[in-house]
Amino acid sequence: MLETFSLLGHGFAVAFSLQNLGAALFGGILGLIVGAMPGIGSLAGCALLLPLTFHFDPTTAIIMLGAIYYANMFGGAFSAILINIPGDAPAIMTALDGFSMTKKGQPGKALFISNYSSFIGGFIGMVILVFLGPALASFGLNFGPSEMTVLMLVAMTSISWLVGENPIAGIIATCLGMMISTLGIDIVSGQIRYNFGSIWLLGGINFVPLVIGFIGMTQLFDLVIQDRKKEKISYVDVKIKFRDTLLTKDEYKRATRPSITAGLIGTFIGFLPGAGATAASFLCYAVEKKISDGKTLVPLGQGAIEGLAASESANNAAAAGAFGPLLALGIPGSGTTAVLLGGLMMWGLNPGPMLFTTNPDFAWGLIASLFISNILSLAISLGCIPWLQKIVRVPIGVMIPSILVICFIGSYSTSNSMFGVVIMIIGGFLGYIFNKCSLPVSPLLLAFVLSSTLETNLRRAFLTSNGDLTVFLARPITDVFLVIFLIMILVPMGRAIYSKIKKN
Amino acid sequence: MKKNIILTVLVFLLAATAVFAQGGKEADDGQFHINGNVDFYVSSSSGGGSDIITRTITDIAARHEFVDAPFIVYNQPDGNGQISRRTVSTARNADSTLLCFSSGDLTAMIQNGGLTLDDFRPLVILAADKHLLFVNANGGKYHSFQEVLDAVANGAKINVGGTMSDERVVYNMLVEELDASGSFTYITYGSGSETIAALLGNHIDIAVTKPATANQYVLSGDIVPILALSTTRFSTPFDTAPTLSELGYDDVEYPMWRGILGAKNMSDEAVAFWADVFKQVSETEDWQKNYLERNLLVSQYMGPEEASAVMYEAQAAAQAQN
Amino acid sequence: MLRKLNWRCIIFIATAILGVIWVVLGFGTYGFWSAEEGPGAGFFPAIIGCVLVFFSVIECIRSFGRYEVKFDKDALFVVGSVAFILILNFIVGLLLALLAYYIVWLKCVEKYPWKKVILITLFYGAIMYGIFSLWLQVPFPTGLLGLI
């Protein structure tokens, strides 16, 4: 324990030089900007900014890299909250409550809570990383195909909260999302499927254009229609005082507890290879729904502080947790950490089982820099709130072309091709028709994100066991998650039946 | 209102043309010249292996001024990479359109169908590598390839993990050589490090991967190489793994290489020019230090003819399995 | 009979057809289950397709004649905007098409004065070009004229 502290202290000593702090600040600001651009997001953001670090000496470069990575995570929530365009997958959950708050005229508050929870989640993740990192990373290795399958099933239960009043319509939307995810090459067998002869569909559908279309562009229809009718739109062109963004004591309380719960669970999920921040934010949202059911001021999904806090804290905690397998085992848990791994290797640093023995300076310097980046990102993004919330003061006439332009540029830059734009447009039109027919869109998107991991692991589980179903029962971790899954499904059903009986 | 729209568009178009129309053609003095930018396509997203090698190459070429035109790198992962391959194959600007291309890309291209090497001009191969089989040292079922062979003889089922591209091809070649397709099951993973993670967690029995991916884990004693998929043994720390011929079979190998292709209509002068540029790149200290050493590779420069031979051989092997 | 058919029904008929396609291809072409390797490439999609067909049919029957879905004519402004950008994109490239769209929207739909239109367009144009094109080096399509 003492040794850990002294090593970490040494790491801080390295990080606290003027040059290193300056690099971290610079990286933080750039990371925040890029992370906030829809379509660029943390993966491409880190990849694009990586070359900037080459100008510095290795330690400074790695500290800057940490700051870029971390600030990216903070920035991802901005566009989701302000204009309902989630920049990446974990931000869908953020948009649900965050944008609802913006609609109620509280964009500043939503941003403040998102930053506050991100900070708490990240901090919890880093503390766990320091003390339990290597141990948890090794434990995460026990998550094989069958464990991941059941974990994904648990994450999928979060879809049921978004279904709305008509469960059948929700199931249909979920199935559609899963079907879209099967387009293109099957990753398990390498077989081409459902591409209908088109080479564009070989690689499947990219998530970011899809979400920009279904959520971002769909809302444009409503904006335009309201604008043409000269209706006043509640959340556009409003004046907000900075004082209104500060939280009351009660609101702090409402944000803190969910942030801590989600921080702990999120970190753990971040440690699992291949689970990532998306699954973390979905799961923690589902858990939060269970915990705070009936105790929130407004239901989750309609602008509840608890929901926003859980989602943001979870994805930042998972981002910190992902450093566990990266540093201790050299296994990147997500696309973004894979880019970081590439960056570390550029500096001759080979993350893996040998890292903490061969390069303690680097390893602890990086961990210390994460702590610093977390604080810096918080400071920078809090400082940005007064400017950011001016975005909602833009008049509707300018807002409409701007949102459409962001949709175009964002969906184009995910894969640098018009294919993304086409997907975005189709998604936008379909989303509008779905809305009109009261078919919910969020289950479709969530199912799309989770189902490819689910399918891949389900089939891997069958392959490794030669088609034997008992693979899901004979393993302790799988059993635990199966029980959780059943509780998640059966408890609400039981409650519904109970209340019906009581009524009769 | 209609009039208004048309008018605005016209004004805008005129203004745009006036502001941005510039540049012209360089004089033709018999030597090879590049017109405009060099379009360098990468068929995977930023941050991946192909992206890193491309950015290293363009960085070195620009810094040493081997080429006096700016490189523009396009990451176009759509259609499983097939879109950028098609774009390069049919590029109008044939003399200055390049594609980063590896044996993994080749396998994907053949699997996807519609394009072959005949649609490109092979330029160079810059680095090459081969595969090994690994087992988990702690709690793995097998400790040497002889044990695996004995288990196969006793009717055991063995799970092998690897990626979908070149590793799958070399696995198929191995199974064919052993004549034991019923005994092995191949589990695909998204990347080399995912495969290693599965091996470390004992979710698979054997991993097929490259030395660079496995190096750390072999040094730390977590995993052990048991078979070299090559005609000769590897250097340390992989030298303990025998080749197939040492165990009484024919050697199989499917070298993994990284190279560059040009557009189908690239002129012979351009091919010679680019081959020379990349030769110069591969001879710089930067390249040796920042790329090869880091990825545990040895310099493997091959010019257009040699590279072409290697690529076509790989294509034949991949086509045979498809 | 036909009058009772509403958009909601059409959507569910469409999803049911999609489901059938997924099931047919999943069972038939891509391989549902093999004795040696367990589930094939068609396993997961075929099951999802079955569920989709089942519920689509139920929901379609349920919503027959019960819903009235009306689309707003003003939604055509969005369709028009998208078409405008796409067409212009082929000629002058994406960035200039988006800028032109700003001008047309602000001038012709919102009826802003010219000075305001130019200022706003220049401002957003500079942000787009500066951040995405210059800094992040996103290679935007240049269109037939090949301008920027």
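When the chains are written out, they are named A, B and C in that same order, and each has its own residue count from 1.
Definition applied: a contact is a pair of C-beta atoms (placed from the backbone, for glycine too) under 8 Å apart; a residue touches a chain by one contact, two chains touch by 3 or more.
Everything quoted here is computed from the prediction, not taken from an experiment.
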Intersection of contact partners for chain A and chain B: C
Result of counting contacting C-beta pairs for A-C and B-C, higher pair: A-C
Chain ID, smallest distance between chain and overall C-alpha centroids: A
Centroid-based (C-alpha) most distant chain relative to chain A: B
Rounded Å distance between chain B and chain C, as computed from the means of their C-alpha atoms: 34
Distance from chain C to chain A - Cα centre to Cα centre, in angstrom: 23
Shared-contact residues (touching 2 or more other chains) in chain B: 74, 185
Shared-contact residues (touching 2 or more other chains) in chain C: 36-37, 137, 139
Contacts with 2+ other chains: residues of chain A: 48, 188-189, 416, 463, 466
Residues of chain C that touch chain B when the two form their complex: 36-37, 88, 92, 96, 99-100, 103-104, 107-108, 137, 139, 145, 147-148
Residues of chain C that touch chain A when the two form their complex: 7-8, 11-12, 15, 18-19, 22, 25, 29-31, 35-45, 48-49, 51-52, 55-56, 58-59, 62, 67, 69-72, 74-75, 77-79, 81-82, 85-86, 89, 94, 98, 101-102, 105-106, 109-110, 112, 120, 124, 128, 131-132, 136-141
Contacting residues of chain A [partner chain B, same complex]: 43-44, 46-48, 50-51, 141-145, 184-185, 187-190, 192, 199-204, 206, 273-274, 325, 329-332, 335, 338-339, 341-342, 345-346, 348, 350-354, 415-417, 419-420, 460, 463-464, 466
Chain B residues within the chain A interface of the complex: 45-48, 51-52, 55, 74-83, 86, 111-114, 157, 159, 164, 168, 185, 187-188, 190-191, 193-194, 196-198, 200-204, 215-217, 219-220, 222, 290, 294
Residues of chain A defined as touching chain C within the complex: 33-34, 37, 40, 48, 168-169, 171-172, 175-176, 178-179, 182, 186, 188-189, 191, 193-194, 217, 220-221, 224-225, 228-229, 397-398, 400-402, 404-405, 408-409, 412-413, 416, 418, 421, 425, 428-429, 432-434, 436-439, 451, 455, 458-459, 462-463, 465-467
